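Shared between the two complexes below is chain A, which pairs with chain B and chain C, respectively.
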Partner chain A sequence: MVNLVIVSHSRRLAEGVKELATQMIFGAPDITTDATDANTDNTVQIVVAAGIPDEECDNATPYRLGSDALYIAQTIEQVWTQDGVLVLVDLGSAVLNTEMALDFLPPEMAGRCQISNAPLVEGAITAALEASLGHDLDTVNQAAESAAHIQKVSL
Partner chain B sequence: MDQPQTITLKINHPLGLHLRKSRDVVQVANQYQALITIQNLTRSTSPVDAKSIIQLVQLQARQGHELHLQATGPDALEALQALASQFDDLTSAAV
Partner chain C sequence: MLVMVHIMNSEISASCIERWLLVFAERILEKKDYLTDLDAAIGDGDHGLNMARGVERLRERLGSKLVAAGRPLNAGLAAATEPADAETNIGVLLRTVAMTLISGVGGAAGALYGSFFLNAAKEAASLLKNGADPQRNISIAEFSQVLRSGLEGLKQRGKAGLDEKTMIDAFEPAIDALQDSIEQGEDATAAFTAACQAAEKGMQKTIGMQALKGRASYLGPRSIGHQDPGATSTFYLFEAARKAFA
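After this line comes the complex of A and B, so read on.
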C-alpha cells in the first residue's frame, strides 16, 4: 500500500492536513501518530515531515517554521515500502528540500518515491482515499494531481 | 452487451453530497467492475466516474439536486443497489 508523507513549512498545517486526509481512508481509520508505531501493511500510513525540529524554539511544538531535507528523508524512510511513498508538499523550499531529501535516500528507495504536484489539501485527501483502495503509486499520484483542476465554486 | 442500469435520486441533505459521503460512494463503487457514472441533472453536468473522489466533488451536488446514476457491466445491478443504499440517508426527507 502506498504511504503518504506530508511536507509543509508549518507543523500545525501538516497535522491538520493529515487529520483531514485520515478521514478518507478506507475502513475505520486508526492512524498512528508516530511513524515509529506504523507497522501494518493493510492501512495507509500518513506521516508528517513538517517544520524544522528545534527543541528550543518558542513555539507550541518543538518545530519552527521551515523545512529540513534530512528530517524529510528520515521520515520518508520510516514509512517506505516497495509500494512506494507519495510526498505531498506545500510550497517553495519545502519542494526543494524534499528533492534534496530524495537525493539523500538510496537510489532504489528514492526510485519508489514521488513528489506530487498536487495542491496540498485536495491532493492529500485524494491520495489517502486512492491509496487506501490499494492503487499503485502512479495511479495515486495522478488522482491527487488531477485535484489541481477542480472547480470549487460553480460559475 | 449489458444493458445499463440506472437510477435517479434527489439529495435532500442540507449539506448536499458532502465529502465523507463521497468517500463512501467511491469506496463502494470501487468494489464493482461495472463502469459507474453519476450525473447532476440539476446542474446539467456531464456524467462523472463514481470511482473518483475528485470527479464526485465536481458534481457540486447540493440540497434539492437530482443525481442520475448509471452502471454498465456484469455486476451493474448489484453495484447500483449498493450505491443507492449509500445515498439513503441523503435522500430521506430533510430535517
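After this line comes the complex of A and C, so read on.
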C-alpha cells in the first residue's frame, strides 16, 4: 500500500491536512494513527514531516516554520515500503528540501518515491482515498494531481 | 614566471577554510536583523534567524575542532596555511559544513547553501582522491574549481540562473571574477578582492530585479526595489573569503 508523507512549512497545517486526509481512508482507522503505532499491514499510513525541528523555538511545539531535508528523509524512511511513498508538499522550499531528501535516500528507495505536484489539501485527500483502495504509486499520484482541476465554485 | 611561482605557493588549507566560515558566521550574526528586515520586505522574514541558527551550529562544530587542535582563531595566515590536521581533509570538512547548514539553517537557504557545500565537497574529494596525500592543501585554482562545482550544485537544486533575484546573482559573478583573476595570474589577494567586489555588485543589482523564484516571486513587480536577502548573505560569504584568504 502506498504511504503518504505531508511536507509543510507549518506543523499545524500538516497535522490538519493529515486529519482531513485520514477521514478519507477507505475503512478509516483511528485518526491518532502515526508512524510509530500504525497498523502497517493494510492501512495507509499518513505521516507528517513539517516544520524545522528546533528545541529552542518559541512555538508550542518544538518546530519552527520551514522545512528540513534530513528530517524529511528520515520520515520517508520510516514509512517506506516496496509499494512506494507519495510526498505532498506546500510551498517552494518544501519542494527543494524534499528533492534533497530523496538525494539522501538509497537510490532504490528514492526510486519508489514521488513528489506530487498536487495542491496540498485536495491532493492529500484524494491520495489517501486512492492509496487505501490499493492503487499503485503512479495511479495515486495521478489522481492527486488531477485534484488541481476540481472546480470548487459552481459557475 | 615569478608570478606563477607565487600562485603555486598560494594554497588553501582545511584550517584556512574553517577560518573563512567562522568569519562568515560572525558576520551573519552581526547582520541577523538586517537580513531579517530584507526578507520581511519581500519574503517570509526568516532569513536572518535561519542563517543565524545555522552558523551558530557551524561555530559549535568548527570551533570545538579548532580549539581541540590547539589552533587559535587569530593565529594568522601562517597557521591558516599549515597542513590540515590528520583527521580532516578539505572534502570531509566541506561535507560537514554542508550537513550542518542543511539542518541548522533549514528552509530554502539551508537546502541551497547545503547543495553548494555538498557539491564543493564532492569536487574537493575527487581532486584529493587522485593525489598521494588526501590531507594536502589545494591551490587557489583548485579551490576556484571547487567553488564552481558548488555553484553548479546550487543552481541545479534551485533550478535558477542569473537575474532571477536570488543568491546566484552574487555567487556567479563572484566565482567568475575569482577564476578570471587566477587565470590572469593574479595573486590570492587580488583574486579574492575581485570576487568580493563582484559579489557586492551582484547583490546591489538584485535591487532592480523582479523576483522569479521563492516566496518573493509571489509579489511580482512589487519585489522590485528591494535587495535580495539571499544575495546579501552570499556577499558576506565572499567578504569573509577576502578576509580569510586574501
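Everything that follows uses one rule, which is that the second predicted complex is superposed on the first by the 149 of 155 C-alpha atoms of A that agree within 3 Å, B and C clash if a C-alpha of one lies under 4 Å from a C-alpha of the other, contacts with A are read in each partner's own complex, and residues count from 1 in each chain.
Please note the rule applied: a residue touches a chain if its C-beta (ideal position, glycine included) is under 8 Å from a C-beta of that chain, and two chains touch if they have at least 3 such contacts.
Everything quoted here is computed from the prediction, not taken from an experiment.
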Fit or clash - chain C, chain B, common chain A: fit
Touched partner set for A:I52, first chain B, second chain C, both or neither: second
Chain B versus chain C as contact partner of A:Q151, first or second or both or neither: first
First (chain B), second (chain C), both or neither touched by A:Q142: neither
Partner chain in contact with A:S93 - chain B first, chain C second, else both or neither: second
Partner chain in contact with A:Q78 - chain B first, chain C second, else both or neither: neither
Contacts of A:T61 with chain B and chain C, given as first, second, both or neither: neither
Superposed model, angle subtended at chain A by chain C and chain B (C-alpha, nearest 10 degrees): 150
Per-pair minimum CA distance [chain C against chain B, superposed on A] in Å: 28
Footprint overlap on chain A, comparing chain B with chain C: none
Residue ranges of chain A touching chain C (in the complex, touch as defined): 9, 52-54, 64-71, 91-93, 96-97, 99-100
Chain A residues within the chain B interface of the complex: 23-24, 26, 122, 125-126, 129-130, 132-133, 143, 146-147, 150-151, 154
Residue ranges of chain B touching chain A (in the complex, touch as defined): 19-20, 23, 26-27, 30, 43, 52-54, 57-58, 60
Residue ranges of chain C in contact with chain A within the complex: 44, 46, 50, 53, 99, 102-103, 106-108, 110-112, 114-115, 157-158, 213-215
